Each structure stands twice: as C-alpha cells, then as structure tokens.
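So, here's a batch of structures to check.
First chain A sits with chain B, and in the next complex the same chain sits with chain C.
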Partner chain A sequence: MDFSYKQLKKKSVPYVLLIPSMLFVIGVLGYGVIYGVVISLFEVNVYSLETPFVGLKNYIYIFQDPTFLNSLYKSLIFVFMSVVVGIILSLVFAIALYKLTIMKSFFKGLTLIPYLISGIAAATMFKFLFAGDVGMVNQFLSVFGMEEVLWLADEWLALFVIILANIWFVTPFAILILLAGLQGIDEQIFEAAKIDGASKLRIVFQIIIPLISSMIGVSLIWLSFASFNMFDIILPLTGGGPGRSTEVLAVYLYKLAFNDLNYSMASAVMIVIMTLNLAVSFVYLKVFKV
Partner chain B sequence: MNLRSFLYKNSTQIMVWFIIVILFVWVLFPLIWTFLSTFKQPLEVYDTSSFLPKEWSLSNYHEVVSDDNFFRFFINSLFITTVSTILAIVCSVLGGYAFARYAFRFRHILLLILLVPRIIPRASLTVPLYMGFAELGLLNSYTALIISYTATAVPMGVWIMSGFFKGVPKALEEAAIVDGARPWQLMWYVLIPITLPGILTVSIFSIREGWNEFPFVLTLTTSTEMRTLPYQLYMLSDSMGIQNWPLVNTFSLMTIIPILIVYLMFEKKVVNGIVSGSVK
Partner chain C sequence: MKRNLIVLFSIFAALMLVIGCSQEDTSTSNTTDDNTSNTDETETTNDEQTEEVEEIELTLWFGREDFIPDDAFEQFEAENPNIKITTDVIPLENATEEFIRASKADNQPDIVQVPSDRTKILAEQQLLLDMTDHLAQWKQENSDSYDAMVPLAWDMASNEGTPYGVTVHAGPFWYVYNKNLFEEAGYSEAPKTWDEVLEIGEAISDGENIGFSVIGSRAHDPVWFLSTFMSMGGQFEDGVPQLNSDAGEYILNFYQQLAGKDITDKNAIAWEADNMRAAFITGEAGQAMIGDNIFPTIQEAMSYNEDWGASPPPVRPGGESDAAYMALGWPYLVSNKTEHPEAVLKALQYLSSTEIVKDVALRYQPTTNVEVLSHPEYLEAKPWAADFEEAFAQLVELPSHERQSNIYEVLLDAMQEAIQNPDSDAKEMAEKYQEQIDQIVQ
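After this line comes the complex of A and B, so read on.
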C-alpha cells in the first residue's frame, strides 16, 4: 500500500508542477478561445436580452459586409507591405551587424530598443513626426519648398504612415532572429567561397540566404503575426481613419465589440483572425520547414 | 597606399558601416526627436528655425511628475507588472522543470496546449475576456489585469525555462540529492542559480508585456484610476484640438525610460535568451 502510494506520488509530480501554468493558460486563453467560438454562434449584443443560437449566420453576414471586407483588404495590404519591406530591411541590417568587427554588441543592443517600447509610445512618436503642423517630416519638406502634407488625413498616406511605424516597431526582433541564424553558420564556408572566387552578392544569395532559410521563416512568422494582429500602433495613430481607410481587422473587431457592442459579430471576426493566423503559420512551416 | 586601393580593400566594411549608420538613425531618430521636444515650450515646436530647444528647460518633466494622476498610473503599471511577472516566473519555473525532466502521459497534449496560445492574437481575446470578467464582477480590478497579463506571459516563459532546465546536467541534481538536499533546496540552491539567465529572460518578456500592454487594459477597465501608463498616454495623445506636444512627448518618454533602464541592466544576459527563447 505504502509502495503504490509512493509511486502515485512520484508519478503525479509533473502534473502538480504544471497546475499553475495550465490554470492560467487554459483558464484564460483556452477559455477565451472556446467562449469566443461559442459567442460567435449565438446572437449576443446589448440590444436584446435573448441570445438565440444562430449557427453560422454571423460568419455569413460578415463575409457579405463591405466594412468587414474593407478591413480584410486593408489588413492584407498592411501585412504584405510590412512583411516584404520588413524582411528585406531585417536581412540587410542583420548581415551588416554580422559583418561588423567592432562595437557589435552595442549596436545589437541598440537594435532591440523599439521592441521594448509600448506600441502607444511608438505611435505617439510617429504621430509627432508626421503631424501636419508640427511634424518634423513636413518641416523637412518645407526646406525644399514643398507644401504641408496632411499625412494622417489622406487615406493612402495614413496607411503609409502606419506601415512605416509598424515596420519600425516590429523589425528589430526579426533582425535579431536573423542575426542568431547568421552566427550559427560555420565561417569556413565563407573562406571556401572566397577561395573559389565567389562574388559578395553570390555569397549573400547562394550561401547565406539558403543557410538561414529556417530563421528567415521564423522572422516571417514573427513579422506576419505582429503585423496582422497590430492594434496598439494603429488605434492611437489613426483610430482606423480617415474614414475606415486604416481600419485593419483588429481595429474593426475592437470597434464592433466596444463601440457597437455587437459581441457575437466581433467574436466571429476573432475566429476569422485566428484561422488566418493558423493558415499563415502553416504555410510558412511548410515552405521553410522551420 | 592610395585612397583607391584603400577603398577597394575595405569596401565591405565601408558598406557595412554605411548600413549601420542608417540602422542607427532609423532606430533612434524618432526617439531623439521626441526627446528634444520634451525640453521645448508648447509653441516652440511650431518654430522651424531650430531643431534644438532654445533653453533646456525641465518644466515639462516637472509638470508631468507633479500631476497626482501620473503617480497613480505609474503605481498601477508598476504593481500589475511586478505581480504578473512574479506569477509568470513561478509558473514558468515549475512548468518548465516538468517538461524538461519528466516523461509523463499527456505530455504532448499539454505541450501543445502551451504552444498554441502563442498564435492567439491579444486584441481578439478582448471580447471573450471582457464578457468573462464582467460575469465574475472583475472589470476595473487589478485581479483581471494581473490574471490576463500572467496568462499571456506563461506560455513563452515555460518554453524558455524548459530549455534552460534541459541544459542543467542531471548528474548535478543527483549529487545534490545524494547529499541529502530536499526538493525545495534542490530548486532554490542548485537549479535556480544555474538557470538565472533564463529567469531573467522570462522576467524581461513579462515586464515588457505588463508595462506596455494596451488592448486588455483598454477593454477591461473603465475608471480613470485603474489606467496604466500606456492607457493614459493613449488618452493624452488622442485628445482633440491643439496638442500640447512637448507635454505628451515628455509623458511618453517617461513611460519608456523605466523599461529601458531594466533592459540596459540585463541586456548582455538577455538579448541572446530573448532570441533563442522565441526561435526554439
């Protein structure tokens, strides 16, 4: 009896150790996802006390709703531009940091700074840079005799500004991921390539990039996720405006839930966002074999 | 050696430094521009004749600090961040050890439960969490924020700690047990000191999370006194009409400085951990 009790006690150790973390993860995140799925199948809003089961009606509705489709479209542009420009910048900066012979750790540490700043603070800085009246960018342009540009009042310029701010905010982490990949490369490969007379461009494209392709995959996942779910930067910078021109999915969801108080529709959007996230990461995992 | 051959020989390094300078400016320019404006008078930012402030006045800093509300929001941020970080560390150490050292049933499922949340976007969780905490009567409470911040920090934390515990040689633990160390002594005197870099990494992740978090505090609180620093900054910069930019920027900078100090204190130990933690 004593023996089996002891065994049971021993066997239960890992489960006991995992209780606190599982409580948080399942209790908050798991609950959130499941409850979100449930709400999206009912009609829950503040206008009626009844909450009838409506099945997929919310999903069918949003996919016919031009506002939602506009958000989806704006999200795709936002993510696509952020990821394409972000990954090129990250690669260039990572290779430069890798090739640096002095002050490497200083610049490496400095690179990560935007990652530590809150999205709100980053947005405030970019709002200040691009403000119509006091903005540094306009003051700079006026030196060349150009007229004041109202960056945040034009739909495409506003989109440009949030993409720029987003790239500033999310690339540092991608740079460090790529740098970690570069530092894992055996340097003898470069020596061999040099002896064989490979040009610098060829070394970059035919040796470096293939060798760190899995890290490029991880960076792409990071850039896509961070951009796709970006909320903190966009809300203070443009609030989704002018009009709905910068209203990406996360902002649309927020407005739907907390301005229109339509929780069911917002939950349906939440499930769509999560499905897209899953699909995107699946594609990257397949392509880059991370 | 003439200039031409010098340039040719060092062309790689010249290019590298050219890019590094761009990186330097790109990263720091928004910060420096904001920093310079914090010394200016409200109308001085409209003056395009000089980029530097006319006099380096600390009046904006004085104004931000002397506002009672700032202190309140600062304490809110500090309290929520500290408690959720401590909770996240405890969960991560225990959970990470379980995954690193034990083979048990459901290991894979539990690991999956832990990894999948990393792709759940935070902003989308606001709706169910808002409704859930409303039912529990926990809106406008520290509890709701601490619980949600801890929950978002735990998955990454367990993962990082599991990696660090795997790096500890088993023989070391066995030796301690032979010497008669009790489990908590083994944890406290052997494992925790060795895995301290891991714990620091988890802390930085969690501190960053708690200090900068926005969607949860925006949706789970409504009363002014529950605001954290990012929320208040959002309210400040969102106000309509003519902005007092120097004041907003000073506030903004004062929310950034504490986390930069924490980061610089542990930077060397943390940068690599941050990267490896997220990549694995």
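After this line comes the complex of A and C, so read on.
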C-alpha cells in the first residue's frame, strides 16, 4: 500500500507542476476561445443593440461569401508555400549551423534576429525592398538593365512578396527547433555512416531526417500555426491588396473585428482558423509521431 | 510550544498596537490638514462653501496627441480648480471600438474623439449623451463662442438632428498642383474641371513626372476617393454613395484613365498616403488631392503661389450644381454615462475657445472656428488660408451609414478594379459595385 502511494506521488509530480501553466493557458486562452465560440452563434455587432441567437448562420454565411472564400484560398496558398519552403530552408540552415565550427554561437544568434524583429518593422523593411521604382530590388535589377517589376502592384507578385516576408519572419524559430534535434543525435552515428561510405545526401535522408522527424513535426506545426495566424506583416505591407490578392484569413478576420466591428462574424472566422490549425497539427502529430 | 505561542501572541499584540496608533495618527493628521486648509480658505470663502464644491475628474480620449491643447488644460484647471482633466490618446482608428468596449465595462471616458463618420455608430448604440439642452445653455450663456463655430461643427457631432458634442477640427482635401510642371507642360492656371485635370496630367506625364498622384492601395479608408466623388457631384442616399450615377461612372472612368494613360504612377495601386504626398512634395507629381493639414509640409519644400498652388477641387462637366467640398471631422462626443455634464460642457467650451483652437490649428488640423480662420496669426502662418475662406464656409460633412466600413471595402474594390482594368466598362463596374453596396445596407 505504502509502495503504491509512493509511486502515485512520484507519478503525479509532473501533473501537479503542470497545473499553474495549465490554469494560466485555460484562463487566458480558454476564456477567449469559449467566448469566441459562443458569440459566433449569436449576432453581435455594432449595427444593432439586439444580440439574437442565430445558430450556425454566421458559419453558413461566411462559407457562401466570396470574400471569405477568396481569403481561405489565399490562406491555403500562403500557408502551403510558407510551410514547404520554410521547412526546406530550416533544415538546410539547421544543418549548416550544426556543421559550423567557428563562431557557432554568433551565427545562431544571428539566425534569430528576424524572429526578434516586430512584424511592423519587418513589413517596413520589405516595403523598402520591394517598393516600385525606388525599392532596393528594382534598383538592383536596373543595374543589369532590367525593367522595373511591379512587386506590390501585381496580384501574384504581391502574394509572392508576403510569402517571402513570412518565411523570413517565421523560419528562424523552426531552424532552432531542428538544430536542437540535430544536436541530440549521437555523432558516432555520422562517423559510422561515413566509414560505411554513405553519401552526404544519404546521411541527410536516411539518418538525419528519420532521427529528427519529431522535431520536423514540431517545426511544421510552428510554421503552419504562425502562417495561418500571420497578419502583422501583411496588413502594413499590402493591406490585403492589390484587390484582395493578399487578404489571407487572419487579415480578413482583423478587418471584420476591428474595422467592421462585426464580432460574431469575426469569431466564426477565428473558429475556422483554429480548426484549420488543429487539423493540420493533428496530421503532423500523427505522421511525425511527435 | 507554549513559549512559541506566547512569542506569537506578543508579536500579534505589538502589530495591533502599531496599526491602531498609525490609524489614530492619520486621522489626527487629516484633521490637522483640514484645519489648516479651512484656516487658509477663510481669507477667500467660508467653510460651508468649500465643502459644497464637488471634486470632479474628467477623462478625455483624444484621437491624436496633436489635438491636445498646448497648455494641457493648465489654464482650464486654474479657472476650474475643482475639475481635473485626465487625457489619453486612443488612435482615431481604434477609438470607436475602444469606446464601445470601455462603455460596456463602465470604464468609458467622459469625452471621446472619433472620426465623424463613426458618430452614427456610437449614437445608434445609445452610448452618447444628447447635448441639446447643454448646447442651448452654451448658446445662451456665451453666444460669441458658440457662434464662432460653423454649422459643420455641430452637424458632424450629430446624428439625425441630435447633437452629441462639437467638432472643433475638420480637414478638407484640396486640389494642389505644381506650377513649375504646369509651366513646362504649357499650362498656367489651375484646371476648372476634372477633364482638364486629365488633360494636363497627360501633358505632364513623360515617364519622369507623374501627371496626377493618387492613393490606390487599401491601406486607408477611401476618403480621398469620396472627396473626389463629391466634388464630381456624387450623390448619397441615406448616407450611402450612389455609384450607379453619372458621378459614379465618371469617377471610375477617371481612375481608369489615370492608370490607362499612365497619368499616375504604375505602382499607384500599392500607393498609400505617404507615397502620394511624397510624389507631390518632392516635385515629381504635377497634381494631387491633399489634406489641408499637409500644406505646411508642402510649404517647407516649395513656396506657395510660386512653385505650387492650390484650389478647391475641380468639378465634373455637367455636375457643377451638385459639386460639394467634403471635409473629414473629428468630433468630441460626450458619453451618456458621464456624471458631470456641466463640467463636460466647460471642457468642450475650452477646447473650442479661439486661443486654444488657434494653437492646434496653427500646428495641425484646420478648424471649424471662424475666428481662428480669419485670425492674422493664422493667415500669416498659412498663406493659402485666405484663398480658401469661402470654400471653408461651404464645407459639407462626409455622409455616413452605420455599415460605413463595409461600404468602404466595396468602394476600395471598385477603385482598385478601375485602376487594374482601364479598358472595362465603367458603367458596368458602377452597377456591379452598387449592387454589392445595396446588399450590405438592405
């Protein structure tokens, strides 16, 4: 009896230690999410004083609204490109950092800089880079006699620019996650592979990737989550335009909530974004066995 | 154990003694202070009156720091020693939402400043105080200061005839042009119609210079677009712009021509206010529609009437009789939960007083106070002001609807489509977007 009590006590310690953080998360996030779910079922906006229960009407409306469907479509492109390019770059940079022998800490710190800069500052920087004829990229192209490219005035190029900015912004954290995974691999495995004559590509695909698959899963969750929720770079960089070409779901949500003051509709969009995040995370958790 | 209990009890008793003594000290101290204060005040007033004066604290939310009076209410507080003003800056862009949220939490300010097109939303949410009686009191007690405000000052702070405050500052958009570029292109006078604007713009645009600088992005509410629309004779029904009209088709066609004939910059669809203004201020653009508050910045780069000129917006041929000069305003609105409407009225009167308004108008936005507009100091600091005195008297507010922000989104769609598709049929475009607007407001 005494033995099982001790065992129970020992096993319960981690759960007890988790309680404060769980309470904090539930208190801050849980309330917001539950309240969001509730008001998405009502009609809460500034156009009327009544707040009638409307059930799923808000969800039905947004899924029939071309503006929302456009945002969903643009979000899927934005997230897919950000995640695919982001994870490849993260892996490449993580391996490069892992291989460094001199000034490793300096370069690790350098990698984190984009992540530490605010979204507004990053947006301003990308604006300087891609603004019309005075942007640095066009200035550079003009040196080679190339025509000015309308980066932010063309619908697809603007989407390309925000994807690029997003990758620049969210990839550093994914790099650190993968680097942590790489540093956990026993170096003797690499030595043994080299002795057995394995090529570098084979080491990457057959040793590194399988051994850090759980870290890749975590990185993918981060990249997807950060990309689905990204709006602080897009809003100041393109405002969702030209047209509505860069109005991803998070930007659409922001406009609904803070311009239109249509809280219930914005909550419905928030639930959609959260569902997408959860679904994608669930897939990663299953595939990569995180 | 027993010893420990005795020690604990002793500490507890000592603590209680200290607390008791300190409370006695405080009350003694307060009494002393009161006595001192009463002794002092007998020189000017009696004790009874002093006790009757209620200490009032008013909270004011300004939409920009620039709107706060230079003296930060120092003079006001000296004149009204029982009223303390606390100011906070809640950006105009967020003020409506923040005020609604704060009101629901009973934490609202007494006075809030919002863009005038948001007055309707707050009024219909029943968050504002009907100031009819208080304004009547103002007019009765201080008619000079009341009459110094143009009617627009009250209109912009009203909804369906009920006043909720006062608009002290309002900014119109005027047509500006670069005289040097005009001369190079063979023109000497400001255009009278928007057709002439296009003609001159085409003559100025040569790859190096821009004929007409315009905001094409979604970064701002389409107030420049609407200002142009109203100068073209654009009409509104219940605050809803009528795009499927002659003026509606004309303005879409105007934007199409700007883009199609390369009169504006190729990147105009991504241009924000800063880009549009910078193009004019740096002398790259020949024409633009720019807010009066930016004129001092232009003046720093160029000299008025020598290098640049300005006039009320041109008109649309055939739309002369309906043309209007639109102004945006930033009214001070009174919360219906304020406990001190009398003190609020005093604060509004102070904010509207000529001396206070003059300081703000000299360094920031124009005003609805006519005494300031004709003040020698103002006219000297703003050499263009005299040319706009008549136009100022004709300013009208931007009509608004409770679904204003949704309407704005559709207008931005229409404007951007016009820029992106210069060859499309403007009439069809106007019909399409009017249908969308009508669906929103039905």
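In this section, the second predicted complex is superposed on the first by the 262 of 290 C-alpha atoms of A that agree within 3 Å, B and C clash if a C-alpha of one lies under 4 Å from a C-alpha of the other, contacts with A are read in each partner's own complex, and residues count from 1 in each chain.
Everything below uses one rule, namely that contacts are C-beta pairs under 8 Å (C-beta built on N, C-alpha and C of every residue); 3 or more make two chains touch, one makes a residue touch a chain.
Just so you know, these numbers come straight off a predicted model, no measurement behind them.
Upon superposition of the two complexes on chain A, a steric clash is found between chain B and chain C.
When the two complexes are overlaid on their common chain A, residue A:239 makes contact with chain B and with chain C alike.
In the superposition on chain A, no contact is made by A:217 with either chain B or chain C.
Of the two partner chains, chain C is the only one touched by A:152; chain B is not. By the document's definition of touching, of the two partners only chain C reaches A:132; chain B does not.
Once the two complexes are overlaid on the shared chain, A:255 sits against chain C while remaining clear of chain B. Once the two complexes are overlaid on the shared chain, A:229 sits against chain B while remaining clear of chain C. In the overlay built on the shared chain, the residue A:86 is in contact with neither chain B nor chain C. Judged by the number of chain A residues each one touches, B leads among chain B and chain C.
Put simply, of the chain C stretches 6-14, 96-104, 204-212 or 348-356, the part that bumps into chain B is 96-104.
Judged by the document's definition of touching, chain A residues 131, 133, 236, 239, 258 lie at the interface with chain B and also at the interface with chain C. For chain A in complex with chain C, the residues that touch the partner chain are 46-47, 49, 131-133, 148, 150, 152-153, 158, 236, 238-244, 255, 258-261. Chain contact summary for the complex, chain A toward chain B: residues 11, 13-15, 17-18, 20-22, 24-33, 35-36, 39, 44, 92-93, 96-97, 99-101, 105, 107-129, 131, 133-134, 136, 139, 142, 168, 172-173, 176-177, 179-180, 200, 215, 218, 222, 225, 228-229, 231-232, 235-236, 239, 250, 253-254, 257-258, 263, 266-267, 269-270, 273-274, 277-278, 281. In the complex of the two chains, the chain C residues touching chain A come out as 94, 96-97, 100, 121, 124-126, 216-219, 265-270, 272, 275, 402-403, 405-406, 408-409, 412-413, 416-417, 420.
Across the complex, chain A is touched by residues 12-13, 15-16, 19-20, 23-24, 26-28, 30-31, 33-34, 37, 45-46, 48, 87, 90-92, 94-95, 97-99, 101-102, 104, 107, 110, 113-114, 117, 119-132, 147-148, 150-152, 154-155, 157-158, 208, 211-215, 219, 229-231, 233-234, 237-238, 243, 245, 248-249, 252-253, 255-256, 259-260, 263-264, 267-268, 271-272, 274-276, 278-279 of chain B.
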